[in-house]
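Letters A, B, C, D, E and F name the chains as they come in the text, with residue numbers starting at 1 for each one.
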Amino acid sequence: MSQTPAKAENPATADTPKPDGGVPKQEASGTTAKSARDDDTVITALELADAGMTPAMQAYFDKCTEKLGFIPNVLKAYAFDMPKLEAFVAMYNDLMLAPSGLSKLEREMIAVAVSSQNRCYYCLTAHGAAVRALSDDPVLGELMVMNYRAARLDRRQRAMLDFAVKLTAEPWAVEEVDRQALRVAGFSDRDIWDIAAVAGFFNMSNRIASATDMRPNSAYHGQKRG
Amino acid sequence: MSQTPAKAENPATADTPKPDGGVPKQEASGTTAKSARDDDTVITALELADAGMTPAMQAYFDKCTEKLGFIPNVLKAYAFDMPKLEAFVAMYNDLMLAPSGLSKLEREMIAVAVSSQNRCYYCLTAHGAAVRALSDDPVLGELMVMNYRAARLDRRQRAMLDFAVKLTAEPWAVEEVDRQALRVAGFSDRDIWDIAAVAGFFNMSNRIASATDMRPNSAYHGQKRG
Amino acid sequence: MSQTPAKAENPATADTPKPDGGVPKQEASGTTAKSARDDDTVITALELADAGMTPAMQAYFDKCTEKLGFIPNVLKAYAFDMPKLEAFVAMYNDLMLAPSGLSKLEREMIAVAVSSQNRCYYCLTAHGAAVRALSDDPVLGELMVMNYRAARLDRRQRAMLDFAVKLTAEPWAVEEVDRQALRVAGFSDRDIWDIAAVAGFFNMSNRIASATDMRPNSAYHGQKRG
Amino acid sequence: MSQTPAKAENPATADTPKPDGGVPKQEASGTTAKSARDDDTVITALELADAGMTPAMQAYFDKCTEKLGFIPNVLKAYAFDMPKLEAFVAMYNDLMLAPSGLSKLEREMIAVAVSSQNRCYYCLTAHGAAVRALSDDPVLGELMVMNYRAARLDRRQRAMLDFAVKLTAEPWAVEEVDRQALRVAGFSDRDIWDIAAVAGFFNMSNRIASATDMRPNSAYHGQKRG
Amino acid sequence: MSQTPAKAENPATADTPKPDGGVPKQEASGTTAKSARDDDTVITALELADAGMTPAMQAYFDKCTEKLGFIPNVLKAYAFDMPKLEAFVAMYNDLMLAPSGLSKLEREMIAVAVSSQNRCYYCLTAHGAAVRALSDDPVLGELMVMNYRAARLDRRQRAMLDFAVKLTAEPWAVEEVDRQALRVAGFSDRDIWDIAAVAGFFNMSNRIASATDMRPNSAYHGQKRG
Amino acid sequence: MSQTPAKAENPATADTPKPDGGVPKQEASGTTAKSARDDDTVITALELADAGMTPAMQAYFDKCTEKLGFIPNVLKAYAFDMPKLEAFVAMYNDLMLAPSGLSKLEREMIAVAVSSQNRCYYCLTAHGAAVRALSDDPVLGELMVMNYRAARLDRRQRAMLDFAVKLTAEPWAVEEVDRQALRVAGFSDRDIWDIAAVAGFFNMSNRIASATDMRPNSAYHGQKRG
């Protein structure tokens, strides 16, 4: 697998040159809310034995700990099987961090709007925090979680989310007119692919998280709130 | 109208004996997020001239300012017509603050679970904050906003929310078997009325807020986050 | 509470100068249909002891009996608790009878179209009768109950009901374009509030009625049929 | 075609030995409601020239006029093409009037419950009247129109309508367990066929009526109201 | 009943002058797939004794065998009652084979698009084969089964299927604007009737098939595949 | 990327020791149906320039051609960007071909049942063919495409598909009771992960295919039909 150690899972900090990122390590330690009490230890409802870590994956986990202060639970959940973990990390990092006509914030906005349609607790929590961090706008994350239609978005971002949410709710009805609306809003065909691919990826992740009752790290909840 | 000044709109602080409540006044001042920039001044999408305040309503607003640090925007939205404001306040305070077999927290949990089904930005924001405050559990509010089914609730509260959300999503299908499930979970017939009445009230408020693009006070977002 | 005795619950008669209204008292007595046999005595599925009536509420009930020949069952259902009854009556009378850019008939049409979307037996029966009475058009009530789209409405009333029903079915999707359609159809911002408020109110009442299996007075069924 | 003249379209009167049926001829004449003003003359939104009537169909129409006082508009709508009219009449009369383990009233109850799910104005009006007439219970027709779940039905009829409405709303999900529920409620396999066939027939008729904006004869509205 | 023997059930062959049609008799014999093992013998989940065949129906069945190599299972399913079988055959043959502004292929395309919306195994199998045969385009049948929106249709056929599928999914919402779209696409009012009638018929047949677990003849699966 | 050349995209042939697989190369050449005329050349609605192939990916494509007779269009669609192609291939091959408690056929059955819920033309075509090939049961593929509930499945496979389809249609409602139903049907926690992961993957792929109007290779349609 080829992702570099510099690509950490949470783009909120992965791309920050400052070694400690914008999110203080450990900030939730000692103050975990009652409702999240076990969320850092009992990560899914499935009992799956950890596989031994490959060196590449161990290095990646170490980098996460260094940058974020914790390893995102979705990665720990996949750690029962190294090929599955590697494939997930490779696809995730390409989609969310590689060069694209969509900014990293826009990709996270799609992630949250899709996860809101699917009411996925894990993804709304983890990626809602990412929207807050990348936008430096704590309310924007809330809007994506609650109802993206209530946000004051420019025409481009609104078209992007309308496409992603329609693709989530009724994929069979997406047609040329929907692609054309994206082009009119300024997106290239490559951008359309990226919107579809990010929306598609979270339609996958939402379902794996819901199927396994995946719990988000408790640290996300308090990040970038004000 | 008979509500006493002591009944402030937001139960998070209204029932707190401490004069300053748990939520510091003004805490969001000067740091309003970009996405909430106008939310404290342009409260709805409708242009409605303020009616003159009646003494009772002025006293109520003054009490809100004293206790909460601000007047909830829903009240300002109603202030174009005193009889409408008075009727709303009377019903709200009775439902959410009067004695009931449901705790104030449970009533707020219903408010948020119903508002999540209806994806109401105003009510999710204002009452999500109330759940965080009343429970002293910042994550519980997130769970009610995102997907109440992911919360670790006891059987009683789960049955309560299942009823409220079914009543929201498909009211025509609620029948004796649903009421009986509440009785088995320990609720009295009076409690069932209260669950229905709170769920019904937010089905009303969600729609008025969505119809008018009502914006929540920016102060709610940061309240009780960690 | 301030509603005057002249404001009876059912606007079909409440605003009629003739003392006996348009609906003959007792008209259904002695001929109650089998399916409505107990509907005038077993009003809900909940056992709730009557609270003692306050003088104001007793006077209101007496006025209902004088004007309508009966007390609407929804009022009896609320009579277990005087503050709840008073708040309901205050809000109902303000919404349905106070001055508005919407006629009383239009408000009742909203009530029935919303109740049809929610398939609420109580509200369809009581307010279907009101539409028949206020319009002097027995078929208009049927159309509102069955499918408002089949009625031959002018552009204004069609826009009004389209907004109310969308607000009922998918409140999260109501946006500026929907408000603008109402303005184009001739409605003021205050009218938009009133449409939203009436639609919201019946989204509440439908749910309380469905949650409690509330039964309509048997007298409604035969009113204003030909 | 073999249906006898004695099989008139509306079973409410078709099978009554009394020559004038239970519904007085002409009862709505001269008092047609505004909303139904043109419903007896402009029957659908389609312009289709009448074909010449075959003798058998003319005799059938004459019998309808004699028994019901009018020709049901659905028959007039089909009269542009005799083979279509004959096929419709043959299937309708077999389904609704031929011997069956389901009473004629039960078949009409299915017709109305299905038409309520599909919100078909024509069929709700015409067959709602039939339920009122056959049951001698004016409220039962209302219940079938508004929400069959609110009716006090015995277990057999409730199971019958649950099956018919599920078959209407999500036919793909009907399976052996649903058939078995009917058998437990006392239905034979032949009865199950008849429930399915009647529910299926109105799923057809509802769509033809909705597609063509078919209007019910105004006489139905006032029939058997109290 | 008056349908001539020349009108066989499956139009794929019924209108072919060649005595053996385009579909070789017996082609699936001896190679029935495991999943269709009993589908030619256990036709529905209901036990219904065969009625004696009338001469007309026996002649019709003989003609089916001669032309198709088998009797379509839907006909065998109706054979427990001759009047029901006759009414079904008369309506089916009129709708699908009589002169119309819609080609036989177009009527079959409606049949399959409607059956896809309703996910009806019997009708998708039997009429998917008919689309393949009538169009001499094996992929067109697949497209109708899977998602008609993915087919490269001309404006006329797309409008036709959009109407038929909307009429299936939300009949209550079909209005003049939908009929007008058909007229703009070149359809006459009589054509609109035929689109509605075919869509309606399969909304009936889909439900009878789903209600009874009707199994398609195994021969359909392999017909006209390449 | 580590997938070995022996892992071809289509498991129907990838795991067959015979070099020519069960599906003759080129079988559709010269006979492409009208509806699929351009499907082998215009693969999506997006114009995306091919990136140069990496040696590993070129070798993989060559292996597909050798084994299948063609390169699956989804792979060509991804070929505008090598990291995206590699990540997709790695995840696909791990999920569908790596050791699992689910057979390869069962994984393909999930793929098709999920794609049917989402009405994805590309995936239904490609993976419907895979089900036909792996099961040697041409009808089983049709059943998965049309309505998996109509298939005669054993309890294990039915539970598997019920979970996958619920996870697709309403992921927010999947809870411990659903996982427990899988355990009762004999699945391990690792199997549950695999069911969720395959269902999730096709919820992603369905959306990318629908968003881009991805066309299946024409060769799939005729494969393994009888």
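In the analysis below, a residue touches a chain if its C-beta (ideal position, glycine included) is under 8 Å from a C-beta of that chain, and two chains touch if they have at least 3 such contacts.
A quick note: this is a predicted structure, and the numbers were derived from the prediction, not measured.
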Common touching chains of chain E and chain A = C, F
For the pair chain C and chain F, the C-alpha centroid-to-centroid distance in angstrom is 54
Report, in whole Å, the distance between the mean C-alpha point of chain D and the mean C-alpha point of chain E.
-> 25
With chain centres taken as the means of their Cα atoms, state the distance from chain B to chain F in Å.
-> 47
Could you please state the distance in Å, as a whole number, between where the Cα atoms of chain A are centred and where those of chain B are centred?
-> 30
Residues in chain F with touches to at least two other chains are numbered 119-120, 147, 172, 175, 213
In graph terms, with chains as vertices and touches as edges, which category applies: line, ring, star, complete, or other?
-> other
Could you run through all the chain pairs that touch each other?
-> A-B, A-C, A-E, A-F, B-C, B-D, B-F, C-D, C-E, D-E, D-F, E-F
So, in the complex, the side of chain C touching chain B is made of residues 1-2, 45-48, 80, 83-84, 86-88, 90-91, 94, 98, 118-120, 163, 167-168, 171-172, 174-176, 179, 189-190, 192-193, 195-197, 199-201, 203-208, 210-213
Within the complex, which stretch of chain D touches chain B?
-> 147, 149
Contact residues on chain E for chain C in the complex?
-> 172-173, 175
Show which residues of chain D lie in contact with chain C when the two form their complex.
-> 27-28, 31, 33-36, 116, 119-121, 124-125, 135-140, 142-143, 145-147, 150-152, 213, 218, 221-222, 225-226
